[in-house]
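Shared between the two complexes below is chain A, which pairs with chain B and chain C, respectively.
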Partner chain A sequence: MAALILPAGLLVVALMVAPMLLLARISLNQFSPTEMMVEAMSAENYLRAVQDPYYRSVLLTTMAVALGCTLLCLVLGFPTAYWLARMQSRWKSLATILILFPLLVGNVVRSAGWIALLGNDGAINAALQGLHLTDAPLPLLYNAFAVVVGIVAVVLPYMILTLSAVIEGIPRQAEEAAANLGARPLTAFRRVVLPLAIPGVAAGSVLVFILCMNAYATPVLLGGPQFKMMAPAVYDQFVRGNNWPFGASLAFILLFVTMVLTLVGSALIGRRYRR
Partner chain B sequence: MTITRRLALSGGAATLSALTAGLPGLARAADGRVVVGTWGGDYGNLLRQNIDEPLVQPKGIEVLQDVASADPRKTKMLAERQARRGTYDISCLSDTDMYLVQQQSTLQDLDKGRLSRSEAVIPALKKSYAIPHIYSALVLLYNPDKVTTKPTAFADMWDPKYKGRVGFSDILYNTNTLAAAMAGGGGVSDYKPAEKMLLEMRKLDAKVYPSNEALAAALKSEEVWLTPMWLARGFMWKQADIPVKHVVPKEGAYSIVFEAAIPKNARNVDNAYTYLDAMLQPQAQTAFARKMGYLPTVKDAKLDADLMQEISLTEEEESRLVQPDYDYLQKHLNEYLDFWNKQFKA
Partner chain C sequence: MDAALLRRALYRGSIAFAFLLMLAPVLTVVTISFFRQEIVSFPPEALTLRWYVNAWSQQEFARGFITSLEVAALATLIGVPLGTAAALALQRSGIRGKEALNALLLGPLAVPGVVAGTALYMFYLRAEFWLDRDITATLEGLVAAHVLLTIPWSVRLVSASLAGLDRSAEEAAANLGARPLTVFWRVTLPMMRPGIVAAALFSFIQSFENLELTLLLVGPGRTTLPVAMLSYLEFRMDPTLSAVATVQIVLVAALMLLTDRFVKLSRVV
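== the complex of A and B ==
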């Protein structure tokens, strides 16, 4: 049986583990503007990233956006997922496709759509000014708001589909039994559905959180030049600054923080509802 | 569809030939091909219309454009510098970027004997490792309806009456920083005064746009009125009815040359020389001037007087032309990118 994971395993080793080891090695080198990279074994890049208030704030922004988007997806996604899971009609597959629809459009194309909608002379501002509700365009683009809206629109389908798969496994009889015993719908949700759906909440949140932490195209295109998240900061170091060692260390810090937060998050959710 | 033995065999053969295509000396030696790393958009289109199709393809050379902005292409060249076979046969970059990649020993020295057009090149623009393709100068663009007193210098952007009306393109952080340095008394070899000036500009509520195109949109909607920009870009924007005029700032006119070079690990060197020669043909050069407003780099490309007036500098303005200090940039550019990101934009 173990042989079954061999093809995928080899692929991962060749295409992910090996480049990551190389990147880890690069992260210990030193940057030199004239020679690009000088071989070294130093933790200097990591220290610099951790001590620099700018990168600390970029990391905090990234964490705040990822956490905010995850919570927003949970709140927005749960009712839809419940509705989808309990749907009996023949339209269910069509509904699933509709939910998946945002994923059929490329990230960049979707962002271009948001720019056309949120920009200073975009559709929303044109409508607001046309109706004389505002005199000057509202700053909707190139800020945290635009990034959160853009990211949520991409990752929401992941949350809905993960949740709905788990909710489908919760027998309807459980809810009916709760109602029978006098639980109001909200109580039945809080005491029966939600605890049973926790594996889905945990899986969906982890998936969405990881996607948000590593978001690249959306923050670049909708956040504009003044809004920085980690993935674009890593890219900047590699491509604009040619500082590969520092870029690599930022990449590992992002990886590490994402992993720790994911583990802590799922442990907390698990403990809260394990009775 | 049923898979017959014949179909399977022909599919196998196609796969095999595709696999061997990249192997040295096997199925294909250096054939009639040249891979050009270039910007997309107008630049890429003009290369195709004026160089690839009329001048290079008739010689039986297939031209493949690898389109990306400069930074990823530079990174690709640096990443490939140890490789025996690189992606590009021709790399198109600005003079500053070209110098930076040349310093990492990615480029071959050009054999002038293999370039029939080398004599026609304006002497001041000649380099051992690249040909100059087109050039322009950094000027101050302003909206003549809003900025009623014609500005004369980069320093005029710091006039408090233009608070919130100065815009910068994020990708031009280098020239924006230089404009600030010049306004503060510095220059191509001293960006230090830019720090104080940029922090003051931050207080004046300057706007930063993610791309030149986003900046163009902001100039068009009159959200911003002033920006340091290439004269050629200003020419294109005027053509597109964006309300701008230009002034060659009294602090100096920083020149930019877009160059082309052959990487050391190019696979089709002969074709690359043919391509460089084509880039220097007068008809190709004038086409770039007409459409993009960049000046020809060869002495025998003739432009109409009207166009000349729009895109070139007067003799007096030319006397203020300054070349980049490549060495200084190589040592300090990263520092100023950091400053731009962390202190100015943040």
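== the complex of A and C ==
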């Protein structure tokens, strides 16, 4: 019966492990304008990516957006997760479906929605001007603001569902005990609910951070030409630049930075609340 | 008293805001697909259904839709049986290195789409060179890539349903003299059905809406719907695109409601 794992396991090895090893090998090759790619064993692509001010700023932008979006998601998602976890009526299933639904609709469709909402002729500017609150359309689209809004909306469901699964496991009696002992609601939240929800905070933040670091459709569609994040930069190297070795090294830098920041972040969250 | 009022307002306000953020773009897309004017502006001049007709008459969307359906259906048909078999091996056979094998099979969900997508692209180009035949921009190539989505989701969902199964019915059947294969066919498999159905529906949705893994593997004449929508949107946003998006939204919603009848969707993510 153990052999039943073979077909799926071999497919994953053939289609994921082998290609990633190949990509790692390619990242050590050299680019040549005439032959596309020359076999080599050099770290020069990695060095170039780290030293080039443009790619450094792309990486910094990506990290800043990912960090900001993760924090925003945490602040925005916690109340909703708590509300969902403590919900007992038959509406709970409907609320869950409403949270999961946008997640499954796909990033491209949701970005289309944001374009229609945030654009100069979009719903928000039309409403503001219709109410005579502004004279000219506000620049809401094709900038960092639009990307942050778009990404937060994309990843928020993951945060809410992860948090609420953990909050559901916190017994109500713990909160009631705190209240009976005279803790005010905010104190009870800070001293009882939040420390117990830390595994959820860590898991949700890690998941959301990884998704933000690798966001593709949202920055491409909502960020405009000036705004660049890592995932689109990687694809650009393969589609437009044809510099495969450099693109491969960018992909691994993104993977590596994401992993390191994730580990550091969860260690920090863990230590902060261990006592 | 004021503080309590403010706190409650903040609590409810942030819940409402979270739902607004998540649902507003989806609802907007559906709404503008009925606007009559060609350039999206608010409020609508009149309402119409003609963008749906227009969308279907555009080659890239019609073909993309069909390709996405084919790819998702084939990847589901391949991935769900393989994933189910792997889940059985993981949960029931006492196989060694269970944790590592589980991590390997769920791996494609953990590797970012950008990395997996570019790696697969390079791998396909290399394989095309060796085998001397097209792989990128073919149905086979796309299905093979999407199996990387349907296998892990199937392993995950079927494993979860197997872990929750009561084994006494199987033991009873065996005690009454049923042979192992009969036990599996008549007892275990029927009990696994909700998990398998959920795996199939979820796999289909994940494959149908995938962008990152697919982006570099499409080509002229063979594009999936999300990629077609992305390249259209990079130039313009109009009601035709909204109509296409709405069709996708309705399809996903229908499949989701269907899935929810078999498994609690809150347990899926």
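Rule of thumb we're sticking to: the second predicted complex is superposed on the first by the 263 of 275 C-alpha atoms of A that agree within 3 Å, B and C clash if a C-alpha of one lies under 4 Å from a C-alpha of the other, contacts with A are read in each partner's own complex, and residues count from 1 in each chain.
The working rule: contacts are C-beta pairs under 8 Å (C-beta built on N, C-alpha and C of every residue); 3 or more make two chains touch, one makes a residue touch a chain.
Remember, it's a predicted structure, so these values are computed and weren't measured experimentally.
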Next on the checklist: Both complexes share chain A, so when I overlay them there, do chain B and chain C fit or clash?
Outcome noted: clash
Next on the checklist: Per the contact definition in the header, classify A:M36: touching chain B only (first), chain C only (second), both, or neither.
Outcome noted: first
Checklist entry - Between chain B (first) and chain C (second), which does A:T80 come into contact with in this model arrangement: first, second, both, or neither? => result second
Checklist entry - Between chain B (first) and chain C (second), which does A:V220 come into contact with in this model arrangement: first, second, both, or neither? => result both
Next on the checklist: Per the contact definition in the header, classify A:F238: touching chain B only (first), chain C only (second), both, or neither.
Outcome noted: both
Item to check | Of chain C and chain B, partner touching more chain A residues | outcome: C
Next on the checklist: According to the stated criteria, A:L4 is in contact with first (chain B), second (chain C), both, or neither; which is it?
Outcome noted: second
Item to check | Partner chain(s) touched by A:K228 [first = chain B, second = chain C, both, neither] | outcome: first
Next on the checklist: I'd like to know which partner A:L100 touches here: chain B for first, chain C for second, both or neither.
Outcome noted: second
Checklist entry - Which partner does A:A123 reach: the first (chain B), the second (chain C), both, or neither? => result second
Item to check | Segment of chain B intruding into chain C (one of 81-89, 135-143 or 225-233) | outcome: 81-89
Next on the checklist: Quick check on my understanding: which residues of chain A belong to both its chain B contact set and its chain C contact set?
Outcome noted: 119, 121, 220-221, 238-239
Next on the checklist: Under the definition above, what is the set of chain C residues touching chain A in their complex?
Outcome noted: 4, 7, 10-11, 14-15, 17-19, 21-29, 32, 39-43, 82-83, 85-86, 88-90, 92-95, 101, 104-105, 107-108, 111-123, 126, 144-145, 147-148, 151-152, 155, 205, 209, 211-212, 215-216, 226, 229-230, 233-234, 237, 241-242, 245, 248-249, 252-253, 256-257, 260, 264-266, 268-269
Checklist entry - Taking the complex as given, what residues does chain A use to touch chain B? => result 31, 33-36, 52, 54, 57, 119-121, 142, 220-221, 224-226, 228, 236, 238-243
Item to check | For the chain B and chain A complex, residues of the former touching the latter | outcome: 71-72, 74-75, 78, 100, 103-104, 170, 208-210, 217-218, 221, 223, 330-334, 337-338, 341-342, 345-346
Item to check | In the complex with chain C, residue positions of chain A that touch it | outcome: 1-5, 7-9, 11-13, 15-20, 22-23, 26, 75-77, 79-80, 83, 93, 96-117, 119, 121-123, 126-127, 149-150, 152-153, 156-158, 160-162, 164-165, 185-186, 210, 213-214, 216-217, 220-221, 230-231, 234-235, 238-239, 244, 247-248, 251-252, 254-255, 258
